[in-house]
Amino acid sequence: MASIILFVLLRLLPGDPANALVSVGADPEQIAAARRQVGSDLPLAQQFLQFLSSLARFDLGTSFVSRTPVLEEILARLAVTVPLTLLSFALAVLIAVPLGILAAVKAERWYGATISVVSQLGIAIPVFWVGILLVTLFAVNLRLFPSGGFPPQGWSAPFEALRALILPVVTIAIVMSASLLRYVRSATQDVLGSDYLRTARALGSGFSEALVRHGIRNGAVPVVSIIGIELATTLLGAVVVERVFTLPGLGSMLLLAIEQRDYPNIQGVLFISTLLVLLIGFFADLAQRWIDPRLRERAGSVQQ
Amino acid sequence: MTRMRTRNGLHLLAVSVTMVLVGFAQAEAQEGAADRSAVIRIGSLYEPQNLDNTAGAGQGINEAFNGNVYEGLFQLEDSGEVVPKLALDYETSDDGLTYTFTLQPDVTFHSGDPLTSADVKYSIERVVSENSKSSRKSSLSTIAGVDTPDDRTVVIRLSERSISLPYNLTYVWIVNDEATDLTSSEDGTGPYKLDAWRRGSSISLSPFEGYWGDAPANGGVTFNYFTEATALNNALLTGAVDIITSVQSPDSLAQFQDNPAFVVKEGQSTTKEVLAYNDRVEPFNNVKVRKAIARAIDRERLLSSIWGDYGTLIGSFVPPTDPWYVDLTNVDPYDPESAKQLLAEAGYPDGFTFTLETPNYDPHPIVAQFVQSELAKVGITANINIITANEWYTKIYQAHDFQATLQEHVNHRDIVFYGNPDFYWGYNNPEVVELIASSEASATEAEQVEKLKEANRIIAEDAASGWLYLYPQIVVSSAGVSGYPVNGLNSQFFAYDITKSAG
Amino acid sequence: MTVFTEPQVDPARRTRRSLTLGIGLLLVGLHLAVALLTLIWTPYDPAGMAGGRLEAPSWTHWAGTDRLGRDLFTQIMIGSRIALIVGAGAVAIAAAIGVTLGVLAAFATRYLDDALTATFDILIAFPTLLLAMLVVAATGNASLLSAILALGIAISAIVARLARILAKRVLAMDYITAARTAGSSWPSIVFRHLLPNIWPTLSVNFALQFGLAVIAEASLSYLGLGAPPPNASWGRLLQEAQGTVYTAPFGAVAPGIALVSLVIGMNLLADGLRDVGDPTRRRTR
């Protein structure tokens, strides 16, 4: 259903995908040839049928511009985007969870308050600016890390590949952790004021013990769903970071494809990313049910 | 005792001096000695979209493949000279309509097939075929037919004289007629063969063992592609690449200029920044208006804003590396007062308003802002409309639906665009059209040059477009890397002479 | 069932809350003042190429100059105006579309409600930036208007979902039922009871979305899809500065600081408003 809407919407966009193939000096004949190659001269209905039939075979088609299979290109890009997303997420969680809990528990102390203030800063900073600043500091001036690009051999040169990802991962993690931190803090605050915690303490548990045994399980549920959403948006939303560091990721592929009206690429990327988003949502759901057994009975209720 | 010590001391001194001298000699020898097995890593911003220059691959494929992987009957050298390559020898008939080429002997393709005249015929027909998207297709339209009397002889028959045929043939890759998928693989005769193409990242070439000519001076080449100039420069700084083919911003050069670890070379490109008017519509159909605009823009200031000390000012579409170059920078020099006067004479004493279609990539947006500011001083209001490259092709190039636009024109010897009244800027001067058309039918190269120089002058006097400046061609390499081309004509970058010293 | 308790709001917390609100007002007010000022006066002519190329910050040019010699501080000031226009415009559109659809969904039959909710969720899952890109591509050229429209549409889904939940909660309350029985029509209920009730929470959300819209617009401009020159969006200034970051690093710093200050200001304002509006509420996000 979504693909039909997508197909129609894309065809409504002004601009001809054949343009990416011509250059200055092309005459009308060549332009017609480009259209033939791209298939944009076929009647719309025919194009649609072709699209549906190939989708059914899970064949995402070939790019209008580079003539290579879309799926191949997407997989190559995912090799960059998936590690980038997962590593950033891991780093963000490592930063946000302990600091968030600390900020909530020690809200009255100066360091708790400072953490809150810093996180306030973190969500106000545009992620590409963080990237530019990091590049200026580390790559241009200190020359510790590459300022961009991904090694041509990809992951077969793992050390180089990781080195290329360090700055982008830190960039995304800074912003993601700031936002996560606020959720963790608020979830912890909820836990702190909750009845079951008070009960546990009244029954004799130490503060940290109670927090860990009861608090984390309860507080984790909303945080997990937020993490899921953040992960999902980072897949494609990292396009700006990819631009700063010129990483060949999925977001840049989509941006370029939109500019060139490379419909197969656009459709392919959106299709795959929707699939991934659904997968992430599914896993987040599983994680929530695993953490909180109560959710297992209630079918799919969303905690507001 | 003292004497022994002195003798030992002298001995020691002699040995140390010798060692130092030997050390020096070794170091020098090492610095000079090129490592013939070294792989040269080249950094570029122009990744090709596919591997076939008749299928819309873009300028990046010329850079990576011309002369390196594919060769033509002729080759356009970095100096601008056209030299025979796969054509060992050729003759022209007296009427100039028949060219007979003898091919180099013992040439093999990367797949192992031998080069025969059938391959040449196939290659030429590929470029002029209906489906070809080669930008030089129309210049080969005079070819009436290609005959192959024997394996080593190719006869090209023309429908009319075409003095530029050898030049035009430099754009034709000689491809194996048995080759199948040329958009993602190759089969050429060049000194390198394609190892791998990692899309979005790099193209790597390695020397071809069976090459008919001299083996390359290095052990292979990798073109690494970046989408952003800062990243490209940093790659050179951190040693991730050895050369940058063309630096696009002068600010980054500061890091390389006073640094003994790098060498900066400036050549002359063929990329012209053009303010193109739609000469068909008002008010740009009025030559006085066009001349007024030319006089209103301080091009020298613009060039130094964008390029600092680099780049060249041009007074017409013809850059210094074209044979028919004439210095026309004084035709409409910067003079805002005179500009206002001309505008009044043309009937626009209070100026006018127009839309400037601006491509969204550097340097056009900033050039547009400069132009907007300068024109405002003489009363003309320019509204900037940012468009993508894709849109530029549809709206401006094909539909001619614009008033004025900015564009960079990279082609070599492209004055011929002004001889085509249907070209997107719609310049139609019958005298120029006649001159350009007849120049092609010249009997000698001197005649061709004379005619085109005349056409050049007329076009400049007519201020058919605004020629803002000529991009410099700046190539930066690590010290110890040499043998690379600096003019980059037609975006070519011959890699086979590049050497990297071991030290 | 509402519980009325009087929590002990200690003075320290109260001071912190008013401090938050105060700083927020200060920052936003500063930007607003600057934006209004630019309508009548700027230190330099924004298009005027008065200075040298890429000068460092000095007394004559507080933030230095750009490649064409234009004063950066002037550009940043105008950036305030653009940011405020985009933020306000996007939020206004998002509010108009979102509240309408959200309230509609709250009233709607189960199937329509499910359909609408599903639409909201799909739109929310789609990254704002990419949605904006598609809208910009569809409207043809990038312009201030297309950026505002794109962001407005992208944000409206979030607003709609929130409005729907709030509306549902209010609709379930007793006094609504009472009003119905007394004979009030639905429209009058919506305007006299529903909207005033959900408005406080919604407006806090609007303030937060404002900040997000400003950042999103900066990202769009950074990618080249935002308002065209000479509109000096902070995002575009940063993108232009990135190319000259080696010789002129300050250009990459000043616009960013301006942006961050506005967004923080707006967020603090939102936090402060929320606390002031309902001091019994615990600080939950």
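As written, the chain order gives the labels A, B and C, with residue 1 at the start of each chain.
Note that contacts are C-beta pairs under 8 Å (C-beta built on N, C-alpha and C of every residue); 3 or more make two chains touch, one makes a residue touch a chain.
The structure displayed is predicted, hence computed values, not measured ones.
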(request) Trace the shortest sequence of touching chains from chain A to chain C and report its length in steps. (result) 1
(request) Tally the contacting C-beta pairs at the A-B interface and at the B-C interface, and name the larger one. (result) A-B
(message) Based on mean C-alpha positions, which chain is nearest the centroid of every protein C-alpha shown?
(response) A
(message) So the centre of each chain is just the mean of its C-alpha atoms; given that, what is the distance between chain A and chain C in Å?
(response) 22
(message) Quick check: how many Å separate the C-alpha centres of chain A and chain B?
(response) 39
(message) Using Cα averages as centroids, what's the distance between chain B and chain C in whole Å?
(response) 46
(request) Provide the list of chain B residues touching at least two other chains, using ranges where the numbers run on. (result) 228, 230, 391
(request) For chain A, write out the residues touching at least two other chains, lowest number first. (result) 14-15, 135, 140, 243, 259
(message) By the touch rule stated above, which residues of chain C touch at least two different other chains?
(response) 140, 242, 245-246
(request) Sort out for me which residues of chain C touch chain A in the complex. (result) 12, 16, 122, 125, 127-130, 133-134, 137-138, 140, 165, 211, 215, 218-219, 222-223, 235, 238, 241-242, 245-246, 249, 252-253, 256, 259-260, 263-264, 267-268, 282-285
(request) Can you check the complex and tell me which residues of chain B touch chain A? (result) 49-50, 55-56, 58-59, 130-138, 183-184, 198-202, 204, 222, 224, 226-228, 230-231, 234-235, 237-238, 240, 388-391, 393-394, 397-398, 407, 409, 411, 414, 417
(request) In the complex, go through chain A and note every residue touching chain C. (result) 2, 9, 12-15, 108, 113, 120-121, 123-129, 132-133, 135-136, 140, 182-183, 186, 189-190, 193, 229, 232-233, 236-237, 239-240, 243-244, 251, 254-255, 258-259, 277, 304
(request) Provide the residue numbers of chain C that touch chain B in the complex, in ascending order. (result) 47-49, 53-54, 67-69, 140-142, 224, 228-230, 240, 242-248
(request) In the complex, go through chain B and note every residue touching chain C. (result) 228-230, 233, 249, 251-252, 254-255, 301, 304-306, 308, 358, 360-362, 365-366, 368-370, 372-373, 376, 384-387, 391
